[in-house]
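What follows is chain A paired twice: with chain B in the first complex and chain C in the second.
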Partner chain A sequence: MDIEILSRLQFAITALYHFLFVPLTLGLSILLGIMETVYVMTGRAIWRDMTKFWGALFGINFAMGVATGITMEFQFGMNWAYYSHYVGDVFGAPLAIEGMMAFFLEATFVGLFFFGWNRMSKVAHLTVTWALGIATNLSALWILIANGWMQFPAGARFNADTMRMEVSNFMEVLFNPVAQAKFVHTVSAGYVVGSVFVLAISAYYLLRQRHVELARRSMTVAASFGLASALSVVVLGDESGYTAGLNQKMKIAAIEAMWNTEPAPASFTVFGIPDLKTHTTNYEVKVPWVLGLIATRTADTPVPGINNLVEVAKQRIKNGIVAYDALAKLKADRGNAALRKTLDAHVDDLGYALLLKRFRPDVQNATQAQIDAAANSTIPNVPALFWSFRFMVGLGFYFIALFALAFYLSAKRRLDTHRVFLRVCLWTLPLPWIAAELGWVVAEYGRQPWVIEGVLPTALGVSSTAPGNVLFSLLGFLIFYSSLLVADIFLMTKYIRLGPDGTLGHAVAAPFARVPAE
Partner chain B sequence: MTQAVRRPRYWREIAILLVAKLLALTCLYFLFFGPSHRPLADSAAVSAHILGASHP
Partner chain C sequence: MDYDTLRIIWWALLGILLIGLAIMDGFDLGTAILLPFVGRNDIERRVVINTVGPVWEGNQVWLILGGGAIFAAWPPLYATAFSGFYLAMFLVLLALILRPVGFKFRSKLVSPTWRTMWDWALFVGGFVPALIFGVAFGNLFVGVPFGFDSDLRMHETITLLSLLNPFALLAGLVSVAMLTLHGATWLSLKADGAPGARARAIVPYAALAFAVLFTIGGVWTSHMDGFRLTSALVADGPSNPLMKTVARVAGGWWQNYSLHPLFWLAPLVAYLGAAVAVMARKRPLLAWVASALVPLGTIATAGLSLFPFLLASSSDPDMSLTVWDASSSKLTLEIMLGCTVIFLPIILAYTAWAYRVLRGPVKAESITSDSHGNY
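Let's look at the complex of A and B:
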């Protein structure tokens, strides 16, 4: 395997693994805040015990999340050195702020949450718990601002002297519409993961008639918060689709396996078998208008198809060659104003010329066949995106139905009498993780062949190191992460089986027992 | 009495742990992150990478 594939594989494995822990941390942090708020408002000790029990599981997950996240920061420097130089001026700031949010703010409140129970007043501890939730979400905000910029590189321009992208408007980077849409969609997905986790473990207790009072209350919280979150995921996912429709047209066309532009408004393909060789989708089942309304929010704007976008890419590659040629000559004649003007006029397409580097080193002399091949390389893996998206959306609607039913049964106080429903809740446990990982695949795999959309092809961001080094560290990560996975499953299973009594070291308080006022 | 006995033991364990961590980090630094492992990626290197060796 070459260095690009190995580096991508290493980052994908570590990111997907890290993303097993992140959404649960996001979701549980808010659920802890809700549970402790009820405790402070009612003074009932069972809500304090609920906060402590779910907090213990949160703690195990948080530790794993931190351990698995650190390695990715190092990969930017080691495996992606050219990427780091080329876009570090823009990408570095939100990444650094995210690191500080996670390791300073979030970690501080985690410490206060666990060790502050008997050292702070109820209200002070509640403030800490909410601060923990806010810090966790702020940490996600900054990493998604960095990631959003990779999808839609706003607020930056190329500097020919330093050979890198530099910030021209930080507010545009900060309020990047793609990043904002991704942030709210991702954290809502995290809330769904947290809610399903609480719902499933509580269902496990109710099925075994253990910790019934705690489990029933936990399920009620998870059902109501989960329903609101699952609805938000779908609504905010629509916003994410709309921003992608504006800025990542190829990704949308690939998700839909839409090879040719359809008359507006475009229809949504519910089912189909995309054929990469013939550029057709067989056995299509379509719903009229839906894609056009989602992607453009109008009835008269067409959604461009893959083949049409390839034609656009060919023209942009030709423009990019002009920019590339001007840049190469400018390096030998730095004071030449005419070359600088030519570069400035075509710099938006410079990244497209860089796609040719895969086919020949002297981009300026590319043949039409090579331009065609480079334009075709802008098509991501259509079947993978098509199916990942459909499974993710299908699971999203399933969660809405599950939480709606749980909410109804909870309101009727009949949660623990429906054993089939409790079993369904328990077996749903892995599904939100699958949905979250599929969402990540759609977002990041759908960005290929770009590491920064339209600016830098992935192949050019990779360090010039020996493939053996990356392979060695990849194997190291696989061993290390597999050990962490075993430790995580062991600890989670142990404390879930122990239950609240065993975890807290005392019997859970009776449902209406109150903690004396301070 | 028990507390007084326990406290020095905790300090000793914490000290051993910190030293072990420091050693592990030092090993990791020299094995993977030291200057000899760092790929050069300044403006000249990126120019050469993108435009070719004749354009530093």
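Let's look at the complex of A and C:
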């Protein structure tokens, strides 16, 4: 296999593994903060025990998140050396700031969360817990600023002397609209994962009439927090769709399997079978207007179709060739002002010329057939995106319904009498993970063939290391991660079965018992 | 601020981050190395583990931040070193991945097989990174075979075996001895009873091993071909490693020391730290502070000798990465400097607070009384 496929596989596998743990950390950290706040405000010991019990499960998950996260930070350099060189000036900064502003706080306070219960006042410990939750979310913010820039590379320009992208306006990198939309969407998804986790495990206890007091309270918290989060994840997912419509028109068109531009406002395809060969979608079921409203928020702006975008790409490739040619000559004649001017005039399309590298090294001499092939390579995998997106959105609406019902039952204090509902809650457990992972498939697979949208093709971002090395480490990570995942699920199941009493090593406090004042 | 000043500052910050890593993460790596030897039964091992249990995670962020800072401030170095040292990095990652799960999972089951397995996993998670970080540092002196084409795409012929050359292995052992010493003074401070006493007894041996190996390394570098810039210095030029010439000069790595005799303070601090750690081992806090000077002095010694080289190329010396041609843009360096000036003091403040909250030695009784809460 070639190094591009191996490197992409490795990134996909390690990132998807990492994201099994991250959303639960995001969601549970806030839920822990809420539970402990109730404890500190009411002084009722059962809420402290709830915080500790869910905290113990949080801890097992957190360890896996850290273990799989280390790889992410170093993988760019190991497998994506040219990418790291080409965009490190822009992309490295949010990662480093994440370490300084968020991860340091998170990692220092996670130790105090577990070991600080008897070493500080109630309020101090509560502060630690919230700091942990906030740091976790800040961490996501910076990672998504980095990822948002890959989708929408604002605030940077190409420097011919250093052969890389450099920051020109850091505020544009920071307040990138794509990053903002992705951040709120992603953390909300994490809150849904955390809420479903608590909801499902509490339902498991209620079904077995164990730890009823703790489970009922946990379920109430999860239902209200989950409902708000599930609403937010869908609403802000729509925001993501809008921002993608600004810049990643091809991604939107591919998600919709919309081959040709429709008259505005475009309709939304609920169902269909996209056919890659004929560039058509069969058996379509369409809802008028909806896509046009999501992607453009107007009734009169058309949403461009895939075939039309390919034509745009052809033109950009031709422009890019002019830039590439000027750059090649400039390397031999660095003082030439005319060449610099030509490059500057066409530099926005330089990335499109790089798409030709797959077909020939001397991009300047590309034939029309090669240009057409390169333009066609800008179409991502339409069926994969079409279906991933629909499953994700379907699940999103399902979560809203589930949490709304849980909220209603909990307000009526009838949670533990509906066994069917409790069973549904339990069986929902894996679904938010599936939705979250599909979200990344849509975001990242939908950006192909680009690693940085419009700037650097994925194939060029790889390292020059031997493909055997990448294959070896890929297999190594796969085996290693999978064994750890087995241990993780084993421990999780064991402690969930053991229940709060066994996990804490003492009986959970009675519902109205108070902790004596300090 | 000038581009060249910013580059010097970021070179110093890189050193500070590595020193922070070696001091803070260093003692828990050292503790993990000592774990199977100073803890002879389960409860003793739990004492050892719980001395670092609450803090190791924060310490490891020095590594994550180090990686992030190299990415942000020295992208060509990040790209070249991490992909060039591919299999070595992979081994470090595997070893480091064992740590979070090792700490968290080990005491969650009572089975002795399970616990012993994780004890050795934690040992590997301490020993392998300590060794490989040293090996990587050693290779900065030896140089590694890499170069670039005109797109600045790297080509290299680095193999894991070529990284394990005699000098680099010696540097790896220096690192292991240094971190074992630092872990031993930590345990002597934080582990109550037998494990602490055993660690205290190890201090003189680890210090002696460090001093001997460090001296051999120093003498060895004086006989090596060092790298020196031969073209006119352009300190504020573009970050493009194709615009200079470099020669290999016998004794080149000692030239900075003959130019600036004050630099000799760095190795002096390392020796002094080791000596005080031994002499003051009955006063554990002082001994720990002294052993923290050892990584400070050692890394400073190496850095001052290598300056301005970040990663020397043995195959295309002209294409070596230096402080002057492997940095980020001026704007990025400025932004990152601003962030560091704001956040580093805050980090140090809450880290200090966390250690204050957790002060005092870990006792066997406190582990048994809250067996579920402790690792």
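The criterion applied here is as follows: the second predicted complex is superposed on the first by the 513 of 518 C-alpha atoms of A that agree within 3 Å, B and C clash if a C-alpha of one lies under 4 Å from a C-alpha of the other, contacts with A are read in each partner's own complex, and residues count from 1 in each chain.
The criterion applied here is as follows: a contact is a pair of C-beta atoms (placed from the backbone, for glycine too) under 8 Å apart; a residue touches a chain by one contact, two chains touch by 3 or more.
As the structure is a prediction and not an experimental result, all values here were calculated from the model.
When both complexes are superposed on chain A, chain B and chain C end up clashing with one another. Between chain B and chain C, it is C that contacts the larger number of residues in chain A.
In the superposition on chain A, A:Thr465 makes contact with both chain B and chain C.
When the shared chain is aligned, no partner comes close enough to touch A:Leu426: not chain B, not chain C. By the touch criterion defined above, A:Val290 reaches neither chain B nor chain C. Of the two partner chains placed by the overlay, neither chain B nor chain C lies in contact with A:Val234. Legend: residue contacts after superposition of the two complexes on their common chain; A:Arg164 is shown touching both chain B and chain C. Once the two complexes are overlaid on the shared chain, A:Gly111 sits against chain C while remaining clear of chain B. Contacts of A:Asp362 after superposition: chain B is touched, whereas chain C is not reached. Annotation: chain C segment clashing with chain B after superposition, chosen from 6-14, 60-68, 96-104 or 150-158, is 150-158. Shared contact residues on chain A (touching chain B in one structure, chain C in the other): 74, 77-78, 81-82, 84-85, 161-164, 331, 463-465, 469, 473.
Touching chain C in their complex are the following residues of chain A: 59-60, 62-64, 66-68, 70-71, 73-74, 76-79, 81-82, 84-85, 88-93, 95-101, 103-105, 107-112, 114-117, 119-120, 159, 161-164, 166-168, 170, 331, 463-465, 469, 472-473, 476, 480, 484, 487-488, 491, 494-495, 503-505.
For chain B in complex with chain A, the residues that touch the partner chain are 32-33, 37-43, 45-47, 49-52, 55-56. The residues of chain A lying in touch with chain B in their complex are 74, 77-78, 81-82, 84-86, 161-164, 324, 327-328, 331-332, 354, 357, 361-362, 460, 463-465, 469, 473.
Remark: chain C residues 53-58, 60-61, 63-65, 67-69, 71-73, 75-76, 78-84, 86-87, 89-90, 93-94, 96-101, 103-105, 108-109, 150-156, 238-240, 328-329, 331-332, 335-336, 339-340, 343-344, 347, 350-351, 354, 357-358, 370-374 touch chain A in the complex.
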